[in-house]
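Letters A, B, C and D name the chains as they come in the text, with residue numbers starting at 1 for each one.
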């Protein structure tokens, strides 16, 4: 069975703790920009927890929304890339092929969600921090674009294992780092082609809405709205 | 042929900047090239041939000792992504009893094994970082691709030589022939 | 009449033959400026684009601004001279060549930026379609690839368009000079002898080129505008961008042409050939374009404001009122208020007047492109990801260097090629002779046709 | 085609390339290093999953460690070389673990960077320069241990009472070992200090329920939770298990969605998730608790009418009634108090008041209420850090001859009034076991760096967060990178080497661990799954004889019921509220780059500290966004950038802890400022715990933004049309 990977984020249980943010850095060898570059707006967070204030004191409210690459089905980043470095895979992922990227940064401009990040310099790690690198993930160099991959390395590994054991992937067998780390299990990942999968179940639920749907990029991440005071 | 001229210009610009560029400090890890020269070499796919600490005779081990590549020394290919280069410990499994009188074996035993120092084998195959290939041996073995297909007839060489050129075309053609996926994400991520 | 043509010839060949120390000083200065830019680029290749002020989410700024700006400037020459040729406007004769030159050089400079701005410039050739063992082609859905084709076509076309009518003049220089010059121009003249056959070929070639180049020119800047309008980004994703960009391009092009002509007139003492009437006419043209530009801006802004689409309104207010307002209103002043006030009055439509207006327009049109790119990128959709942008030295140096390069190319060109088409001037003097056979004496003095 | 366009283009460029190659030569240092024979048998590229115990906080989460083969630069018998060894790659929650339940908080996940930290202390060090100068010379382990032994022998002679140990609070075999060591040595029990300690809460539980322990809350089954200043989704207690419970409370039960009410003057991360955020006057939480209890029918609290509550707390009477109604209707309901409300002089009274509310709600021991994890409390010393410091300075009691520091950093996290640094300066000998040079350990004369948590045997006995009595245990996930030694082994070694060796010490640390879980069979389980339920030696989860009541019995002296703040309201108009940072807690994780660059969830600040100010207050004081301001109390002043936030009361100034280290690795040293440095040395009288929320300050604008506030997020608010 061919897969179509999708995600559901429950904003009613997300507490904004940012476990997912650190998990993403740990899993994907994302460089730490350091204070000076961070101040220039070059910090990289493939996954960020957006926070928005509403109302004024004392009625102030805060809401969180984890934003990562929405793996759009009609992804604006893909059509504008002159070299196919950003392209759509048959499993519905927005691939970013580092070695094919020449760094036009057009994809980042076309992306409505601003979830693409550029290596303005060659990243550096103070030794021996580099010993923590995940060997299953590339270390990106200067001049290439990078972004959330839905932890494609985990997807590939799981598929290869399943293939070796001559079986289908089981729902929940495979989680990206963010979903795995979430203490409130607010992030659910799975195969949208499998109607039984938890993600498919939640996908259709009435609380679901997609981010910036009006732009028409057909994102594959559904956010379950935060509930009102009971 | 503006393109050509441009590359020349870039090459020269790089050459100019080459000596201004300080190599990255030793206490920092970076994917940056150690020098512009090495950057240019990689750009033109120039790879210095590997020089090995001792002339390891694959031929002898395969033909005389009847060892199987994937069973004795490179067994991890079956399990996972990397073939792995055996450490001197592996040599010693046999060579603390076999052929101990040969100069090379004595060299390995005394200069390396006993001193707790490993043989500094250099990789013959393998991809440069900037091609971002995440190759996994196991599926290829399962697809019963013969070692020789990608590594040449190492079994009959003494020191392993790089006589198959792992260009992308090489991979793509085989994947086409075997109806394997040619999606970029199959290898690049 | 023959003495007129001699003075003409002498006047226009003087710059090629006599060279003062001032010329060399200027060249050295300009080379200095250009090498600054090259240095900045080498530094950037060596360190990474991070030496610019770009950041998340402003991934384009000066680089693409310069690109669009220079492609815009390039619309002066070829397009104008083509149109003037087609309508057979007599006053065009001294103007056409210095116009066409602008096109070629501005295009070269503009076309650099898609390469210069790359994160990995050394891989730019992946933008070109060529067969490889990797079996990958460029993504033909990407406007950047369209750019590649559009610009290379336009560059080839306009180079030809510049070169063809220069052949007879090369021949002239060949015969009037000796030594290395003779040999050099002999090559460029492509063995031109001026037989009637050659004349007819030249004429018809020019006709074809003139007709062909117009749609190309229009398409080029439309495609450049697609770089923006194809992306689903607030204030970019607009149907008006095609014509808007073309108009803006011609607008800035004319301004550049006026400045160039004024400079030539002054420094090469061409007062005899570049008359106030030429500036007068171009001034009228500039006025017309200024009004057209104003109309486009009005239409664009009004629709955005009336449509009141929140994500667009963010950028809208950024430019009208907030952080980018000072730049925006400067742009409106120098692009519209200033030129319109100066050029509407015959009294003010002097050479000086036109030049002042033109400088304003050149500045304004650069700002326009900057204001299309940066305010939008820094305020795109999700407000959490909003950012800001400040340029840093290397990109400023690059910008300066482009102007240096333009002037340098122009100076060198006017040193090597008669900047006013001699034979066309002569024909202008004696139109009737162009169509009837003439005596050897006439020919040798006029436009050298062997009997 | 063999000669395609690309290679042609390349050829044209060879000229350029050639010059470049000629210009310089490539050199790769990695190749010049020798390779050591690996002492493990590893399969390259195949990950192995081992168990771990999170070292960051007291919650005691069980983790899994993803271990893979890699090449590490190491020093073996003096030689610098490369060795292929198994390296920890990622920390994740242990799915089988009752507390972490497969998840892990950001701090826990980042703790892996402590192992690979560039500024780790990689061998024993002896002080060469002046104290605090950070000038040390490397020495051998033999020399280091000999040095420590001599020092201890001298004390043993002069009077064993002269030895003191300073640790972080917690329950683990490591703590037990220190306690045992001191006991056998004849010295007082270790002093445990932590800025955000829970002593007041423990005492309140002891008084009300006979359990000197932090309660465990059953969020999963609660319909309503009212939290008084407890940041239980962020930094307080056992955040991971509490978040798991909270998630179930929100969405775990079809048709039922639990409600969260957060009572606090500055919106915490937990407040951000609350359905109702109630800003209250600091120090008056008890009044609201009693008001609610009264409205819910508790006896003897008649004076706490809604009107009275409004008068004292500033919470509208109508709202009090509504909240009471909600709690009455939504059963089961539970109340939590922790953090700032307890860090007041009336902290204990406030905790007791909430215990009364919980009793009234019937939450004690009930599902959806609170209970206590069966648990052996560690031995606690009678002496507090404050008394130690004052004794040293005044020369009272037996003079402290030697101080051993294990992980605590009091110089950074105590108020200036305690003069801890001066006291340390007066102690003749200080040894530190920490892996990093921090504000406190730079005062040490001898540093015996410990293994990282991933390189050693670790365990933890959670005080709360689960209904079972468990011990989390894990062996080393990887071999030590550096020339460090497990502190437990060092202690045992020293105990043997003393002139008069200590009797009754365990043979080895893992023997001790094994004993602590109760024998071989549980040990087998423990080593397999990373934790084990312990039966022996723990108290049951039931409650003590006492049950919550308004008159606190067992408290030795009469408790203050109303809060008192240090500083003249006229001169210092604002309540100062330091709060535990989501990234750094009290500052103990500020050296981890991932956490430095992690945008703070509320402020989106990275690599920074900030001062949270209410918009009206800011405009009154003429303070603009990111302007530099001075926070001054009667005890000190600090500078920091202002952050204008709608989530804070106008009379409160809040500031995150964690930054402002003088010394703490390249990433944290001299970064930001430390709110603790303006705190008054006020304590809660009963427990002697620092009342860190009882200081008043004044705020003055001192200048334009200096770029010290680095924020990841752009705008504060979202577009209308995106409101979900």
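Quick note on the criterion: contacts are C-beta pairs under 8 Å (C-beta built on N, C-alpha and C of every residue); 3 or more make two chains touch, one makes a residue touch a chain.
In this text the structure is predicted, and so the values were computed from the model without any measurement.
Comparing the CA-atom centres of all chains against that of chain B, the greatest distance is found for C. Counted by C-beta pairs in contact, the busier of A-D and C-D is A-D.
Centroids built from CA atoms put chain D at 29 Å from chain A.
Chain centres here are Cα means. That of chain C falls 64 Å from that of chain D. The mean-CA centres of chain A and chain C are about 44 angstrom from one another, to the nearest whole unit.
Chain centres here are Cα averages; for chain B and chain C they lie 52 Å apart. The residues of chain C that reach two or more other chains are 121, 124-125, 128, 132-133, 382-385, 387, listed in rising order.
Shown for chain B are the residues in touch with two or more other chains, namely 3, 7, 10, 14, 26-27, 36, 43, 136. Counting partner chains per residue, chain A shows two or more touched chains at residues 43, 48, 50-52, 84, 87, 100, 122, 126-127, 129-130, 142, 212.
By the touch rule above, chain A contacts chain D in their complex via residues 10-13, 15-19, 21-23, 25-27, 32-35, 38-39, 43, 45, 48-58, 60-64, 126-135, 177, 180-186, 209, 212, 223, 225-230.
Interface residues of chain A facing chain C in the complex, by the touch rule stated above, are 37, 40-44, 48, 50-52, 67, 76, 79-84, 87, 100-106, 108-110, 112-114, 117-122, 142-145, 211-212, 215-217. Considering their complex, residues 38, 41-43, 45-46, 115, 121-122, 124-125, 128, 132-135 of chain C touch chain B.
For chain B in complex with chain A, the touching residues are 24, 26-32, 129-134, 136, 138-139, 142, 181, 183-185, 188-189. By the touch criterion given at the top, residues 3, 6-7, 10, 13-14, 16-17, 20-21, 36, 43, 167-169, 172 of chain B touch chain C in their complex.
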